[in-house]
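Okay, got some structures for you below.
Shared between the two complexes below is chain A, which has chain B as its partner in the first and chain C in the second.
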Partner chain A sequence: MTTSAPTLAIPGQLLGHASKYQPGPGTHIHESNLYASLLGTIHVTQPAKAPGPVKRLTKITPAPAPAELPTISVTVPTRSAGAEHQQKKREVLPEVGNVVLCRVIRITPRQAVVAILVCGDTVLDAEWQGLIRVQDVRATEKDRVKIYESFRPGDIVRAEVISLGDQANYYLSTARNELGVILATSEAGNAMHPVNWKEYRDPETGLLELRKVAKPY
Partner chain B sequence: MADRRRINGPAGATIPPVFDEDGKQYEHKVAKIRDRAPTAIRKMFLKTGVTPSASGSAYLEYESSAKSGVSGLKLSCTVHGPRSLPRSSPFSPHIVLSTHVKYAPFATKQRRGYLRDPSERDLGTHLETALRGAIIADRWPKSGVDIIISIIEGDQDRETSKFQGDETWDMMNALSGCITVASAALADAGIDCVDTVAGGVAALVQDTSDDSTPRIVLDPIPSEHEKILGACCVAYLPIRDEVTNLWFKGDLPASDIDLYTKLVESGIQASRNGNRVLVECLGETVA
Partner chain C sequence: MATERPLVLPGDVIPPSLIPTSANPNKKQQPLRLGPGLRHIPPSDIVPTVAGQLITVPHKNSMWVEYNSSRYTPTPSDLVIATISRSGPDFYYASLSPYTANATLPHLSFEGATKKTRPQLPPGSLVYARVTLANKHMDPEIECVSSATGKADGLGPLKDGMVFDISLGFARRLLMARSKEEGKVEVLELLGEEGLAFETAVGRNGKVWVSGASDAKGNEGVNAKTVVVVGRALQETDTKRLGVEQQRKLVKKLVREMR
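Up next, the complex of A and B:
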């Protein structure tokens, strides 16, 4: 729900006092004033309200937080002019808490090294490396986890970023039901389908392979 | 490391001889006198998004002097990134800024090599300091950004036979252009900045035509003045009212103790003027 009349902002432009808006992406606060930090268009998003008047009070809810402020953000416009170079999008970095899609590069007994391909809904330009350590593969029976019974190189994995990690790797975790391998190929090279929480089946050879299977949505 | 593999052109330019024609006196070339007001800077052309393959880019051109043979300043800047750091580099919670400034081999009167020389590294360091104060570095952890500037035309008088003293004055003009063009390219790349930083140069000059009192001018062209006593290049954030980089060189007369402050203030004024062009250009980019 965005109010219309987006206006332009250049870095450093005053957007308003910090008591009037909440800072969104592309803005920063300096001396209790909000300023733009990106070149783009200003959007003011009203806070999400209750979908309608509550007809009957069925349960006691805490009083709504007083003065929910509208969020102001500056977004970089997509280039529509000049279609020869494809729509320019802003770089996105994986952040802690994001759900990412990644491909398994190699596995060792202690960890699986993956390349992060998609962060949230955006496909990343740069390839970022991630690490799924053996203790982050699943939430239960962590001491029985074996990496080679959870991932194989080439699998596509849905995982959550738990840390920015060390200099080279983001640390990822699949310790949730809906996280894990979502696409796998068998040793024969066929695409497989999941049969339960820990197995994929090759439809042609009928063989079962062990994986940390993501629960389908 | 010396550059041995390439065939480099002659290091300096030679000027063809001019002969007197049948008595017509070849008028002696007079040094060009500055025709702008002391507080006016040269006209600028700035455009963003000139390099499609880069994340952000900008091109800056200064008006060339009316005197023939003197070309203006032409700069092209590309910004690559934010991208992942190389594996060997240590963990960084901020964005890692790396700046490269390179004169094209043909940009100046004295031919430049293909490898960066110390003066170009110096410009890169100054530029990095100027931009570091403007970028919100912790928005992009674990990533690096490369800012590459080629100086295509170095704002030098090619027809003066005598080598005019100090090259530092040219470098100051180049640095101020580098700061402005890099700021535009960073905004084009969508990297968070607290403000638009622009560069400005002010100098204390002494002309022969004047009654030998030094005066302060903005955006000096070294070939237009007899002597430059001192100059400063300022990188300035107009909304924050902060100076991110200050480069001062020269000897000021000891008689006036306020001269230093005045010169820096004039540099800030020059930077404000440049910033107006920058803001206008960025407005055109979005619209």
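Up next, the complex of A and C:
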């Protein structure tokens, strides 16, 4: 338990009580105690002091709100990064509701298997596998969707995470106008331009190919 | 049919005189249709990708390369003979050609099939089916009922009989509308004239199913011989590339051996 200059924490080390600190990255709570999850240095960040109401003697003041507790975090020092980078580097994982960019790996009649590349604005270190099921491709006429007319292997798709899924896959959905294929390559090998919500056109051959097209911003 | 059928090799330049164009100014200009073996490189190149005979049909404004091979690539609306390999929750998995991915055949894709009454097909049974979905990214899908009309039109399980392997070109000739004149295949008619009773189904994936006639009375031995004779005749016509006269001789020889 230390709030002085950064010291070393090993996984499982007791850091403090949950009523005194807010857990940050690299820590977890077990039975109201904060423990370190990583091997790294401990940092405590003091919260910004929000201007509160004028203290009244007769008012029962509640326990400090969570925003007023200092946040304790454990960060792993990287070899090349400086001290400032150590504070900012954190592991980004797709969460439910995040809009992600992914590349289609494989299609089957019932689902499209994708590799999640970008979560929000962050390019992920590791590619996570996701599934877009045939009933999550569109919002309307879900039973008449054909995967071959919505995605092809190699397409870049903007999708939304709808579930963290099981051990192997996240579950994604493209059932909104602004979700769908944003970059497609034609059978001839050229990058295509979108024509409408379901067609892409190859500028060189002039042929149309069917995709579930994302509405450009 | 076109009088000139030049041999082309992959990458050959096709002289523009061979490319058919709609000569009739009154009729609407039909777009040129390219069949298997040809590839269009925009803006105006047509390049063969296989070695074979270039065939052009001017009145239909289409051209393709005729070549023979043994490896079948599924194409939509082809009629094929599939072998059921296993049964899944909603689909049968059927093999169209060896060492390739299985095609899926929905359980309800038979005439008059509902969840309660559907054909039970054990592994190894044969079906005559039509390819519905085939592309390079996904496993092919087949159906045993015409999805538009709901009728089988000859599709469905094939009972008894035996299946023989033939080349794809021979299968195409057998499936031609006028196989005697254009395909030069008369074997089946000749065998029928000799008094053999049998029925056949030809799959574009290089398979032909032969069975003794359904209403034949008599012992099993006769039927088996008929099936074997028909199958042998077809295979020999295919592998030895027999002409019509040679087919006649072959049929006479086989029937004599059988009797």
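Please note the rule applied: the second predicted complex is superposed on the first by the 124 of 217 C-alpha atoms of A that agree within 3 Å, B and C clash if a C-alpha of one lies under 4 Å from a C-alpha of the other, contacts with A are read in each partner's own complex, and residues count from 1 in each chain.
Here is the rule we use: a residue touches a chain if its C-beta (ideal position, glycine included) is under 8 Å from a C-beta of that chain, and two chains touch if they have at least 3 such contacts.
Bear in mind the structure is a predicted one, so any value in this text is a computation, not a measurement.
*Asks:* Answer with first, second, both or neither: which of chain B and chain C does A:Pro77 touch in the superposed model?
*Replies:* first
*Asks:* So, A:Trp128: does it touch chain B (first), chain C (second), both, or neither?
*Replies:* First partner only, chain B.
*Asks:* Is A:Ile107 touching anything from chain B or chain C once the two structures are fitted on A? First, second, both or neither.
*Replies:* second
*Asks:* By the touch definition at the top of the document, which applies to A:His28: first (chain B), second (chain C), both, or neither?
*Replies:* Only chain B; A:His28 stays clear of chain C.
*Asks:* Contacts for A:Glu204 in the overlay, against chain B (first) and chain C (second): which applies, first, second, both or neither?
*Replies:* Touch status of A:Glu204: second partner only.
*Asks:* Tell me which partner A:Pro153 touches in the superposition: chain B (first), chain C (second), both or neither.
*Replies:* It touches chain C, and chain B stays clear.
*Asks:* Check whether A:Thr41 is in contact with chain B, with chain C, with both or with neither, and answer first, second, both or neither.
*Replies:* After superposition on chain A, A:Thr41 lies in contact with chain B alone.
*Asks:* Just chain B (first), just chain C (second), both, or neither: which does A:Gly12 touch?
*Replies:* first
*Asks:* Comparing chain C with chain B, which touches more residues belonging to chain A?
*Replies:* Touched residues of chain A are more numerous for B.
*Asks:* Which residues of chain A are in contact with chain B in one complex and with chain C in the other?
*Replies:* Chain A residues touching both partners: none found.
*Asks:* Touching residues of chain A toward chain C in the complex: what are they?
*Replies:* Answer in residue numbers: 106-109, 147-148, 152-153, 204-206.
*Asks:* Taking the touch rule as given, give the residues of chain B at its contact with chain A in the complex, in rising order.
*Replies:* Chain B residues touching chain A: 49, 52, 55, 81-85, 87, 89-93, 134, 136, 139-143, 187-188, 190, 192-196, 237-240, 279, 282-283, 285-287.
*Asks:* Quick one: in the complex, what on chain A touches chain B?
*Replies:* Interface residues on chain A, with respect to chain B: 8, 10-14, 26, 28, 30, 35, 37-41, 76-77, 79, 82, 84-85, 90-91, 93, 125-129, 164, 166-168.
*Asks:* For chain C, which residues are in contact with chain A within the complex?
*Replies:* Against chain A, chain C makes touches at 40, 42, 104, 133, 135, 137-139, 141.
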